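We just call them A, B, C and D in the order they show up, numbering each chain from 1.
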Amino acid sequence: MVSFESDYNNGAHPVVLQHLIETNASQSQSYGFDEWSEQARAKIRKACGCPDADIFFLVGGTQANATVIDGMLASYEGVIAVQTAHINVHESGAVEASGHKVIPLPSHGGKMDAGELEAWLKAFHADPTLEHMVIPGMVYITFPTELGSVYSAKEIEAILSVCRRYDLRLFIDGARLGYGLASSECDFDLPWLARHCDAFYIGGTKVGTLCGEAVVFPRAGAPRHFMNIVKRHGALLAKSRLAGVQFDALFTDNLYLHIAKHAIDMAMKMRKLFTDAGIPLRPSCTNQQFVELSNVQMKQIMEHVLFETWEPIDEEHTLCRFVTSWATTNNDLNALETALKLLNP
Amino acid sequence: MVSFESDYNNGAHPVVLQHLIETNASQSQSYGFDEWSEQARAKIRKACGCPDADIFFLVGGTQANATVIDGMLASYEGVIAVQTAHINVHESGAVEASGHKVIPLPSHGGKMDAGELEAWLKAFHADPTLEHMVIPGMVYITFPTELGSVYSAKEIEAILSVCRRYDLRLFIDGARLGYGLASSECDFDLPWLARHCDAFYIGGTKVGTLCGEAVVFPRAGAPRHFMNIVKRHGALLAKSRLAGVQFDALFTDNLYLHIAKHAIDMAMKMRKLFTDAGIPLRPSCTNQQFVELSNVQMKQIMEHVLFETWEPIDEEHTLCRFVTSWATTNNDLNALETALKLLNP
Amino acid sequence: MVSFESDYNNGAHPVVLQHLIETNASQSQSYGFDEWSEQARAKIRKACGCPDADIFFLVGGTQANATVIDGMLASYEGVIAVQTAHINVHESGAVEASGHKVIPLPSHGGKMDAGELEAWLKAFHADPTLEHMVIPGMVYITFPTELGSVYSAKEIEAILSVCRRYDLRLFIDGARLGYGLASSECDFDLPWLARHCDAFYIGGTKVGTLCGEAVVFPRAGAPRHFMNIVKRHGALLAKSRLAGVQFDALFTDNLYLHIAKHAIDMAMKMRKLFTDAGIPLRPSCTNQQFVELSNVQMKQIMEHVLFETWEPIDEEHTLCRFVTSWATTNNDLNALETALKLLNP
Amino acid sequence: MVSFESDYNNGAHPVVLQHLIETNASQSQSYGFDEWSEQARAKIRKACGCPDADIFFLVGGTQANATVIDGMLASYEGVIAVQTAHINVHESGAVEASGHKVIPLPSHGGKMDAGELEAWLKAFHADPTLEHMVIPGMVYITFPTELGSVYSAKEIEAILSVCRRYDLRLFIDGARLGYGLASSECDFDLPWLARHCDAFYIGGTKVGTLCGEAVVFPRAGAPRHFMNIVKRHGALLAKSRLAGVQFDALFTDNLYLHIAKHAIDMAMKMRKLFTDAGIPLRPSCTNQQFVELSNVQMKQIMEHVLFETWEPIDEEHTLCRFVTSWATTNNDLNALETALKLLNP
């Protein structure tokens, strides 16, 4: 059955797989020193407009978050994130496992509000009991967010500006980075993003690879002994070629953004299918679509295509998530369209 | 100047000090094996009606919280507490330092609502992504709360009942336990409390000692190797007599509740002084009183007695905290009364 | 240049790669619930003779060690290992990062001596200051060891017997498991190993895959909520098919042991080349060979083939490591033979 | 029965107790801001010849070690100590609990050898697998050592010099500092010590107080946000006056060194008693004496005075520890002398 459950239900993009096949017989160094990792780093530096960037390939998103956050914070510092942030909800406490508190702020459709951030920091620094509190050391945001929204350049600038004033590092979780950059509402590009944070990562797992996230410290500035930190987190790939080869493919001929764009096109077509069927969706310009289905509709559609239930809306309605990816085809959408047409009025 | 800033501005209660003086010349074992610690444990077991209780003396509240929570939880488990809980706000991340997430629920005047707790747990266990979330292992409440409120027996029974249904341990932070038990709104006693949780501690620092909290596991059941856990947290007193002697005094002739009752009497007289002066207070039946002062009043009173500002109410008003303790005298209250009388109308 | 540097310089074994290619277009569940992971688990259970085994696929060895050790130990427990153990030397403190001490015992060619283990435990339990010490909770051994040696069945039985008497879990790091099982000195098989420990893992990265280690709890008994523990360690593969497909291939038609056997054959031929050239080797029946070269020889050979220096022997000699793998060919050995023949007398 | 078991079997020195009594009725600030802590800090700065020193009062030795080490190290750094070091053996893994490996070097009568330290560091930095190892960030030594020995000025200079060359901090555990400084073999004073390390602490618990260790960062330079770090470790005393008052007494009129000297005098008299009785002792110039008793002697002496068995020497002999302190009297020694005279020939 066609699945819209997630953006990691597929294998590798054919071009990525092909590169794995072609390079398989070569011998190479390990632990990040293979030639493809070197090449991929060079290409990513170019794509980001960051000739000095420090780049590390890790395996997955939770691992990248936990390692970067732990690496950039002092032991006693915490990380500020919105309530709905992946690190606050869906990483089984990987950040706390390294001793760091996640300090939650309100989520606005998945986004942090720079004004609220500043107000919180102002109150924190005015608090006479500050020495009994967790010192914030970093702001963590996701781009795009877990709820499919994207920050505007202005919003990120505002957050970065608060970070600068309060001496906080800004880290952007880009597990779905491509899908954010390719969305119609995004008003900046990769080099702009790289100039507006202290660290971010380019998610591969959800955008065409079998695994792998490229952690970027745009202006050099990786934490001292970051390789040891990565190893200490169990995050150092022995056969680093696995990540290197895949990112080498993703950043050749602009494949990364190309396939991300495809997913967004599919998502927008999908929105139209729902809208045409009179079914309401939450706003989302990226590859995750949140649809408000009656429980009857939900069951009927489930007989034809796979998707995830997200959360109950009320006793008779459920918010459901439909996800496209680089692998979504027009045929997949046709299956959905058919399912929608079969709904009882 | 008379201080109502906190309940740890004073030395030891004279009876406690006297016991330290009298026992000082004796030699004794260390690390919890001294005779006074043994005696104090016996007296506390009796006061709690728990002949099998495991009892450990730690130095302070944050240390007790961090050690007990870490000791009772598996490494991957988190602890549920209200937003305003001491462990969530004022312990510099001591719980997270051991790798445990504090999972915040709404605070109702400092208290957790059993219904909200149950709803949260129900949603958690229905969540298909549960394997990506922090497993809750414990509920932490404070008695009395940080905001001066006390749970009723019915409220604690409701929370405990939810804990039992969801296999959570219930831990009660009693840093100010005496002041809660002595309050007019408290409808249970120490043995009842001991029967309605899995662990709690009897705060000494704020109720008559120089330091020391008695951690009680009421039905034996201290975590295995708890002494090693205490030592690993840097919380094992070499000269354990320091805590033992003080708690021996506190639990002789009912001193603990006696001096707590005095603080409550003083707090109720204090409330009357404010009320008579037409100044509003937040509800509180314990030794912490939260007073809504105009900023002008605040400055005027500050010239006569010491107290803490708690948080801004609006641009012209501030919530202020006035605390009584076993050491508060009628003379202290007279000083406050005088200050209130001098307020400009 | 031909490389004998390590057993992770090559890509995937062709059969493993072929399976990745063939399955790439299929959609599948994630986080361990894909069909290939299910299949691979079934095949591994069969190969181990453990119908009830709990099996988890992690990415790499350090990650597997850190996650399993943390998962099986209480927070305050430590793990006993020999001085030269990978977890004690080459994992950047990943075990300590979760709060567990590595308690070192002497290494005998990489192996732990059951008698020394027992003597240490006896002394530990007789120590009156035991409550101030790290409680040992587990014994960790590697099979084969980091120095190329293998335990006999009798040696493992002796260690397991001590573990049982002292209530310690036994965990076997099998990063190179296949090469150990295939060695001529190994007097047991996989099912026997599975019956003689509490947990072990089957290394894929060094034996034919691009990544992946199969953690096996042979008699069910995975730590409670182990998936959350894996996620908390950043070790949960989103596209678990990546590991599942590769292990499915490795455990089809006995490929795993077959390719391991090849590496051992190559290693034994390599030994003969050195011996014939009059160059001494340390004893090793597995795929890692430790060769005592004069510094002059070392430089001359380095011009023809790649290998690692291990440690200085004296001012004029260096211990060097030559490693074979499933990918080593007779041509590779010919290159080494040529290099040895060119050595100045 | 007279006890030579440890230096924390007694209460507070009478002068210290008297100061607690005299100050008990005064109100004071908490969390380190009380007047006595301020005064004590000033006096300690003067005694150390360090006008800029940052000084913090913690409760006990394990707590001080764990907090200072964690505060001064980056998360991924380890601490080098000798095998017999307190942090390596007798702190239940408190250092590892914060994620830091203790890297053991050989112990020479409790002391570290600067040459061995340098050799280890040289080998470490030459190791090509350095990125897979724990980075050493600190050297920890005890003064005097756990075995009663003291470093000479030259030995400490040599260690410090290695630390400077390899960018390591030097931390000296002074749980028994007074007894070291007062020993006849010590060829430096407190100001010299303060100039030759990055942090140390002045033990109170074993030298006259009921609790309390004064952590000194001699040239300012306390780790950033050290108060939060202390709080995070559960090590911040609410009623900091308890430590402040006691150290105020200890550093008035040179009491600290005065009472330490007394303990040393008693220890030297004790040595003579054993020597006169023909019983061999290990070398020790401080307040801990290690005596080689036959098991028959051991039992006979135990009937008259208390002491600790340290470790078996052989089947018929046991190393036993006899400890003096500020509280040891000539009468105590007389009791020992009597016991020795009663030994069967």
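In the analysis below, a contact is a pair of C-beta atoms (placed from the backbone, for glycine too) under 8 Å apart; a residue touches a chain by one contact, two chains touch by 3 or more.
Note that the coordinates shown come from a computational prediction; the quantities given were computed from them, not determined experimentally.
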What is the chain whose Cα centroid lies farthest from the Cα centroid of subunit B?
C
Would you mind telling me which chain pair, A-D or A-C, is linked by more contacting C-beta pairs?
A-C
Rounded Å distance, subunit A centre to subunit C centre (Cα mean)
33
Quick one: subunit A and subunit B, Cα centre-to-centre, how many Å?
42
Distance between the CA centroids of subunit A and subunit D (whole Å) is 50
Residues touching two or more other chains, restricted to subunit C: which are they?
75-76, 91-93, 97-99, 131-134, 228-229, 231-232, 236
In the complex, go through subunit C and note every residue touching subunit A.
3, 6, 8-12, 14, 17, 20-21, 23-30, 59-67, 91-94, 97-98, 205-206, 210-211, 228-229, 231-239, 241-242
Touching residues of subunit B toward subunit A in the complex: what are they?
75-76, 78, 89-93, 96-102, 104, 128-129, 131-134, 308-309
Quick one: which bits of subunit C touch subunit B in the complex? Just the residue numbers, please.
31, 70, 74-76, 98-99, 131-135, 224-225, 227-229, 231-232, 236
